[in-house]
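Here come two complexes built around subunit A, the first alongside subunit B, the second alongside subunit C.
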Partner chain A sequence: MTEKMAHYWDVYKKFVSTSISVETSFRTSFILLIFMDFFFFFSSIGSVSFIYDHVVNIGPWQKDQLLFFLTFMLAIDNLHMMIFSQSFWEFSFHIKTGQLDYVILKPMNTIFSVFFRHFRASSLFNTPLFMGYLIYYGIQVNLSFLDWTLLPFLIVLSLALLVVIEFILSTSMFWLTDGMGINFLRMQMQQLGRWPNFIYQGFIRKVLTVVLPILLVGSGPVHFLFDKSAWQLLVTMIAALFILVLVLLVTWRIGIRRYDSASS
Partner chain B sequence: MFKDLTLANIEKWWITIQISWVKHTAYRLNFFLQIIGPALVFFFVKYNLWASIYAGDSELIIRGFNFEQMINYHIWAFVVALVAQGHGSWNLAEDIRLGRISSYLIYPFNFWEFHTASWLSFQVIQMVIATFTLGIISYFGLLIFPSLNYFLIGVAYTLFISLFWFTLQYLTGVMAFWLEETWILRVMLNIIAYFLSGAIIPLDLYPKWLVDILNYTPFPYLTYYPIKIFMGEMTNLSLGLAIISFWTIVFAIINHLVWKKGIKLYTAAGM
Partner chain C sequence: MTTPLIKAHGLRKQFISYKKNPGIMGSFTSFFKRSPLIKDAVKGFDLEVKKGEIVGLLGPNGAGKTTLMKMFTGIIVPTEGELKIIGSNPWERDKNFRKRIALVMGQKSQLWWDIPAMDSFLLLQKYYEVSDERFQERIKKMSSLLGVEELLHIHVRKLSLGERMKMELMASLLHNPEVIFLDEPTIGLDLVAQENIRHFIKEYHRENECCIIITSHYMQDVQALCDRLVLIFDGEKGYDGTLEDFEDILGCDKSVTFSFKESQDPNQQIFQGLDATWNEDHTGVELRVPEETLCPISSKIIDQLPVEDFATEKLPIERVMKELMNNPEILRARKEKEARV
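Then we have the complex of A and B:
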């Protein structure tokens, strides 16, 4: 098992190094990507700040609490952009053109070789900005020592839940001629989760918490950090992650069988 | 002779519009997820956000907006986004990058003509969708319709903005002569335009100093002012038209120059 993990780690390092080589050979695109993330970050923070210039609370949260939530989600977004984002777009393109043949023929887990293949180094440049703001708002909401200790694990947990949901959504590309639209659906899901769960009401909130638990990605950990009695959300999140991994393994296997190479 | 040439050209435009219509609607799920879905989800999030802020308080007024007016603002923002900013000129950059523009260099129909005809076709689809959406929203009583006069001016103004948006998107597309990935420019442009045009929240909520600066840029005239027209307030219409016209002409000229320079660099892939 350890040997297998070490092998996958070696392969992943190669994925990262080749991605960096490719990305840095297109320098203008590389720099533009850094600016794109930068603008996205400040437009998100700016919008919430401007609203709070005129209201005291949104739901039960004051400005610093919501901005902590937002920076938490943006930090996840930054990691998502860096580690996974490009692979989703490549995946739809590979299915459409038949290039997926070469990916699934490799002697590796296909989920790994499809979704961990592309690393976006440009996002790494904005990581200090994203994490810096997260720490700043963490200080503003008076996180305790325990909270700071838990924070990195909660970020990893949230990222894991987000990408597993997205992996499952992406398997639907096997059934579509052009899966590009699914990537847009993924982005809309991210947008829904970028706001705290209390802004949604009734049936929609239940669906987005239980059936497609996108609201748990940010709201689960942040509610827990603010109020330890909200531990049920965190437990639900962990349970959802396990269940969704099982769903992914089943749907992925069916999807791979369904795959009909466009090039053959 | 001239008349015949013109008629022949109109026919080419008409056929291209028809072909583009078929292309746009061939993968309906994709079209829905790529074009309508984002605007719909964006509206849905904003509706829920403002419902949460107003929390059922009909007396609460934020910078001149009660809840009903705020929702109306975002419904019109949805319509403006759909009609004016829906087109992304995706195929344009791909045509250049994959070497497909070689056909346009041979055919008696220019590259810009093909993509402008395609855009016209896209606009017709968007107008149909916007009309249908407005019908549904009105049926549920969520929308306060302005007078017919304001509505028609709003529609005309929005269509005019879509022309500006197209020239801007066209520019990002032809940058494919130099850039490997033009989607980054497009996304960056969308992020900036959405934030500075009042598509996310009304500009009335922005700091005054920022709005004063923005009024010298085309951004507020892309979303905020057309929404105001739809809401029955005719503010800065002539100034908006002048600014948008100016920038449309500027971008059309830049597009022409960029194309001329870019085509000299072009080497068709796979030839």
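Then we have the complex of A and C:
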């Protein structure tokens, strides 16, 4: 097992270094991507701040609480952009053009070869900013020592849940061939999860918590950090992750057998 | 007896597509109602290949060659039939199986376009767990054999097609595979590049004793590399045998070329029924002549026409292939005859 992990880690390091080589070949684009992330971050923070200039509470949360939630989600988004986002677009392109052939041939798990292949180094430059703001708002909402200790694990757990949901959605590209619609659906799902769960009511909230648990990604850990009696959300999140990984393994296996590879 | 490395029996692959009429109306109609078109790309294909063999898989466009290669490598799953490559079911994609095979596709690339080939090789080294020492040794050997030592650090997008294909070959062979599938490795290359690649494959095979399946539209590839030829027409195997037998498939016809002092009328009676191929100004012709009538026909032409030069040779493999592609029933009739015998 350790040997296998070491092999995957070795390959992943090469994914990172080759991605950096590719990305830095185009300097202007590299710099533009850093600025794009930068503007996205401040426009998100700015929108929420602007709303709080006119209201005291949104749902049960005050300004600092919602901004902590938002920076938590933006930190996840930053990691997502860095580690996964490019691979989703490439996957759609590879299925359509038949370039996936070579990925399938590699002696590794295909989920790993497909979704971890492209690393976006430009996002790394904004990581200190994203994490810095998360820490700042964490201080504002008086996180305890235990909360700070749990925070990195909760970020990883949230990111894992988000990407597993997205992996499952992307698997449908084996049937649809054109992944553009799925990729936009994926982005809309992320958008829904960027707001706390109390924004949504009734049936929609149930669907987005139980069926496609995108609301658990941010709301689960942040509610738990604010109020330890909300531990059920965290347990639901872990259970959902476990079940979704199983669903992913089954659907991926069926999907890859269905792949018919575009002609040359 | 050597166990075959490739063993296929009754292999079939079906693809489903749909027909779309042109224009906006066609798009709307096919959006709501689609009539599926089911096509058997490969039907009932049998093959056995032993260690060390080089087999040429030939056939016209759309015959099913690439589909077979994709089934052999586990990229796609057969609809029906049995297939074992080095003892494994390819579509189960066992890690060890994937480490023992390689696929080179002339029309698809596995190299990263925006970085030098060496960076891609280093990634492949990690994928296939090749030791540093072995990696350096193989890179040095293959790059010197292919004459690309100076190109390893150039961005792939800056390389010519021929240079890129050489890099693709290196990338696929880094892990020393036992079975190699080459799908049109010389497509689009100039004559010198084709020759280099053939030479490399030949040398590589000689040193490594691996099993190679190659598809190509260039008969020179087949003549230079293959001991055995498999023809596929419309998803079915039409011929499986040696190159010598293949050359005799149309009987013992000879190819006779004549050069004339002046332009000739191609409709003359003397050329009828000899499958004449004329040059542009009608001063040269290539004829297909049965061996038993070679002397009388040649004498007649020399006597009656102003012949400047003439030459006789065995029917070129291209001519045989062209004839079979135009008339695949020749092979069917041959198969039936063999079955009766």
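Please note the rule applied: the second predicted complex is superposed on the first by the 263 of 264 C-alpha atoms of A that agree within 3 Å, B and C clash if a C-alpha of one lies under 4 Å from a C-alpha of the other, contacts with A are read in each partner's own complex, and residues count from 1 in each chain.
The criterion applied here is as follows: contacts are C-beta pairs under 8 Å (C-beta built on N, C-alpha and C of every residue); 3 or more make two chains touch, one makes a residue touch a chain.
Quick caveat: nothing in here was measured; it's all calculated off a predicted structure.
Looking at the shared chain after the overlay, A:Gly98 reaches subunit C, while subunit B stays out of its contact range. In the superposition on chain A, no contact is made by A:Ile111 with either subunit B or subunit C. Annotation for subunit A, partner touching more residues between subunit B and subunit C: B. Contact with subunit B, but none with subunit C, is seen for A:Asp178 once the two complexes are overlaid on the shared chain.
Contacts of A:Ile155 after superposition: neither subunit B nor subunit C is touched. In the superposed model, A:Val245 lies in contact with neither subunit B nor subunit C. By the touch criterion defined above, A:Leu212 reaches neither subunit B nor subunit C.
With both structures placed on the common chain, the touch criterion links A:Ile51 to subunit B but leaves subunit C unconnected. Note: residues 26 of subunit A belong to the subunit B contact set and to the subunit C contact set alike, using the contact criterion stated above. The touching residues of subunit C, when paired with subunit A in their complex, are 15, 66, 70, 73-77, 91, 93, 95-96, 98-99, 101, 103, 105-108, 110, 112, 114-115, 119-120, 122-123, 126-129, 155, 183-184. Across the complex, subunit A is touched by residues 27, 29-34, 37-38, 41-42, 44-45, 48-49, 51-53, 62-63, 178-181, 184-185, 187-188, 191-192, 194-195, 200-201, 205-207 of subunit B.
On the subunit A side of its complex with subunit C, the touching residues are 7, 10-11, 13-15, 17-18, 21-22, 25-26, 98-99, 101-102, 104-108, 110, 257, 259-261, 263-264. Within the complex formed with subunit B, the residues of subunit A that make contact are 26, 28-29, 32-33, 35-36, 39-40, 43, 46-47, 50-51, 53-55, 58-59, 176-178, 180-182, 184-185, 187-188, 191-192, 195, 198-201, 204.
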